[in-house]
Amino acid sequence: MRDRLQEWVPRIVLAPSFVAILIFVYGFILYTGWLSMTNSRMLPNNDFVGLANYTKLFGLKHWSIALTNLAIFGTLYIVICSCLGLFLAILLDQQIRSEGFIRTVYLYPMAISFIVTGVAWKWFLDPGIGLENTMHQWGWESFQFNWIKDREMAIYTIVIAAVWQSSGYVMAMFLAGLRGVDNEIIKAAQVDGASGVLIYRRIIIPMMRPVFLSAFVVLTHLAIKSYDLVVAMTGGGPGRATEVPATFMYSYTFTRNQMGVGASSAIIMLIMVFSIVVPYLYSEIRHGEKNK
Amino acid sequence: MSIPSQDNAINAGSLTRILIYTLLIFFVIYYLLPLWVMVSNSLKTLDEIRGGDMLAPPKDITFEPWRQAWSQTQIGVEATGLKPYFFNSIIMVVPAVFLSTFLGALNGYVMTKWEFPGVNLIFGLMLLACFIPFQIVLIPMARILGMLGLAGTLGGLIMVHTVYGLGFTTLFFRNYYAAFPTELVRAAQIDGASFFQVFWRILIPSSGPIIVVTIIWQFTNVWNDFLFGASFSSYDSTPITVALNNLVNSSTGVKEYNVHFAGAILTALPTLIVYIVSGRYFVRGLMAGAVKG
Amino acid sequence: MERKLALKATASALVLGLAASAATAAEVEVLHWWTAGGEAAALNVLKEDLESKGVTWKDMPVAGGSGVEAMTVLRARVTSGNPPTAVQMLGFDIKDWAAEGFLGDLSDVAAAEDWDSVVPPALQEFSKWDGKWIAAPVNVHSTNWMWINKDALDAAGGKAPETWEELIAVLDAMKANGITPLAHGGQAWQDGTVFDSVVLGLGDDFYKSAIIDQDPEALGGEQMVEAFKRMEVLRGYFDENFSGRDWNLASAMVINGEAGMQAMGDWAKGEFVKANQVPGEDFVCIRFPGTQGSVLFNSDQFAMFDVAEEQVEAQKMMASAVMNPDFQVAFNLVKGSVPARTDIADTEFDACGKKGMADLAEAAANGTLQGSMAHGHGASSNIKSAIFDVVTAHLNGEYGAEEAAEELAAAVEAAK
């Protein structure tokens, strides 16, 4: 009797979480999928229109701007964050004095919401009051930095602020990875006369593969969901030059009264996220099974 | 558990070390710059801000903006400052973080030590849930909160944050407990310990680092949330991020930048403190579980 | 200070206690985006008025330009079956919510206080649905204003421009004097505000057919090309950093003489007044050149939701308080707008306010009072956003004038 009970306890314990996720995540995704096939406008309705919203979505110039921006932003953001994170972690792993302080400084931006820091960044990048103005006041008259006002360059200012926010977190992940590397391997390589740079390139960095993967997943998810960042800094402007899928979806769903189109863009976003994350998760879980 | 010795260090000349320190300090400045802009301008008078150099330190330090932001400034029709909203946030964050961490720990424990068929599929589904864009859940969630009678209550907000935190907390604990020796658990079972006895007496006492990571992560996310806070709160449960937004993004009126910056720092203070106080456990905790994937 | 507050609190608690025992506990929950500074303080007048009558005010402020965030919150609230009592709302949003059947009925209050005869018909268009009053208008803003720095104007000839050609002459003179002629903030709604005035400058009929009726031929036609060309001309008078600037910073540029003028709604006056500027002496308010005699308006209204039976009483008290002449004066003095009732004396208003009230009455009488597209009174929000997209993209150099007119017709068609 007791054994039977013991057998069921784990399932009962897991059940509430599982049911909650099933309803609040997957149920809602299905619901959004349904909405994307209705002509819902201000509020949800049930007038089925098939794939019309998707056709409309991909006919919108707005959406293609948003996708292009996501491609530019996502690529730069993920690459720069990973490289910078690894680079800083390696620097910080050199028996640095006051490492704790520096690490905290690198890490803190992750703690603050962009509603808070957005104002500061907007100021800083504004040519009239920010860096450009300051440099002029300091005597460097020809200094120019007006990217945030420039249709072609504005998306890169978003990258700068986004990298600022999350590279420290990636650094911490890599630092944890580096601290986990077996010292014996390095000692052996040093005995063989390998230089420091070579050890990093050939031995340590390849061992960071799982960290790269984790960082990649975290960053991808942050990139696709990036919303407050854009809203706080440019509101999608100049013009619509920094529109991204997350802001697109929000504005079509809630301010433009085209909930159906908004829902279809949400489904496309989900497909993008899942197509990146699912293979990773699958391989990780399989990998874990084999190691047992 | 301490941070292992740092023998990976390159044995290099002093020139290299100077270069390393220069680079590190350069990035310290890069990361601190926005905070500096906020702090220094929150201590200036409005006239000095209008006239001056954004990066310059304040000439006459004034704490008036801080006092204003905390207890006097107009937020909506009430001139209460951010104070009441600060406490709303605390009341919301503490249970939400506790519940999601606790459930995450239980889930991780079941998934690693009491496996049953399909448990990996459940884990995969829970993990994928981390990646859902929150904007899409607003409308259906509102309906469900309404049906449960939780619309516009702190209880509703706590529930929402707990549910959408589960994916990450479960991930953290599962990975941590995967490395925990299963033999210990089996031995305890043979001695007659029950499911919960093993959890409380064996797993929890050795979960320090991962609890810290989870709490930092959840605390930051819940505290900083704006979307849920704005949509599911009511006049007496509005969290501080929504109040800050009301202060900073009001469409009209004179922009009191110094008060805005002071308010912004006040809003960020709890998460900053959490990071500073427990930051050193963070890397340790990451080592122990979160990065292994 | 503290003690005063405490006293006040006890006093209102007493009043409340009495009221509660007299009637049922009355309360109103109000969702709005007047979250800071003077306008929030002005709303407090309403709150205190209601509390003196025993109605508790539960405040739900959600900030964000023209209520974007507030409308999202409203959707969540309504979906959860827990709508606020009253919601600050603009133009077509009110109609949309009424069409979904979520709004209440104020007809008996309106009949008792005869709102039909004191509120201009153009406003009633948005306050009534199906013959029933559903919202109480707080104010009337007008968007086709131009705010000019007096010294800069004197240096540029001294005569306020009345036509497009005169406007260009003054702008050129200001440019020659070495200031930024036109202060502007590059945000979609600000671009749209200027666009509204430019289109109206080409004729009331053109505005009506293009913006209100959304006639494809007007939207893509010759005159629209001309409107976009004028936008290009105006853009030539902006400074380099206009993109993303808040409107009040643009006003500040005019106030401190860095810029000559700004095309902006009457809420800009508040900025001037707060900087101790006197209308007529330090700054000049004129209608956007070429739009004299016409008024583009937008009106903040409190839309009343269909709430539970026991709250209806308080809701009606609030509607009545909003329409109270004293509140309308007190609030609009702060806000820069004019009262939504036309039967109020203009004695307490300044020169610009008086002009605004006179213009409103004249335009209402002549049929030249039209809703502002940029502020949700000319077209529903999906059409408005579609127009914004094109106007902003064109102003930032994505399209030429001809192409923009074509895109405009196409975008409006797609959004319908």
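Lettered A, B and C in written order, each chain numbered from 1.
Keep this in mind: contacts are C-beta pairs under 8 Å (C-beta built on N, C-alpha and C of every residue); 3 or more make two chains touch, one makes a residue touch a chain.
Quantities reported herein were computed from a predicted structural model and do not represent experimental measurements.
Put simply, the chain farthest from chain A by mean CA position is C.
For chain pairs B-C and A-C, the one joined by more C-beta pairs in contact is B-C. Work out the mean CA point of chain A and of chain B, and you get 16 Å between them. A straight line joining the Cα centres of chain B and chain C is 38 Å long. Here the spacing of chain A and chain C, counted between their Cα centres, is 38 Å. Each of residues 138-139, 141, 245, 248 in chain B touches at least two other chains.
Residues of chain A in contact with at least two other chains: 43, 250, 254. Within chain C, the positions touching two or more other chains are listed as 72, 75, 79. Contact residues of chain A toward chain B in the complex are 6, 9-11, 13-14, 16-18, 20-29, 31-32, 43-44, 88, 91-96, 100, 102-113, 115-117, 119-121, 123-124, 129-130, 133-134, 137, 164, 168, 172-173, 175-181, 183, 186-187, 190, 196-197, 199-200, 204, 210-211, 213-214, 221, 224-225, 227-228, 246, 249-250, 253-254, 263, 266, 269-270, 273-274, 277-278, 281-282, 284-285, 288-289. The part of chain A that touches chain C in the complex is made up of residues 41-43, 56, 59-60, 62, 122, 126-128, 146, 148-149, 151, 234-235, 237-241, 250-251, 254-258. Partner chain A is touched in their complex by these residues of chain B: 3-12, 17, 20-21, 23-24, 27-28, 30-35, 37-38, 53-55, 103, 106-107, 110-111, 114, 116, 119-120, 122-141, 144, 163-164, 166-167, 170, 178, 194-196, 220, 223-224, 226, 241, 244-245, 248, 257, 260-261, 264-265, 267-268, 271-272, 274-276, 279-280, 282-284, 286-287, 290-293.
Chain B meets chain C in the complex at residues 73-79, 138-139, 141-143, 145-147, 151-152, 230-232, 234-236, 238, 242, 245-255.
Taken together, the chain C residues at the contact with chain A in this complex read 68, 71-72, 75, 78-79, 96-97, 100, 186-188, 240-244, 380-382, 385, 389, 392-393, 395-398, 414-415.
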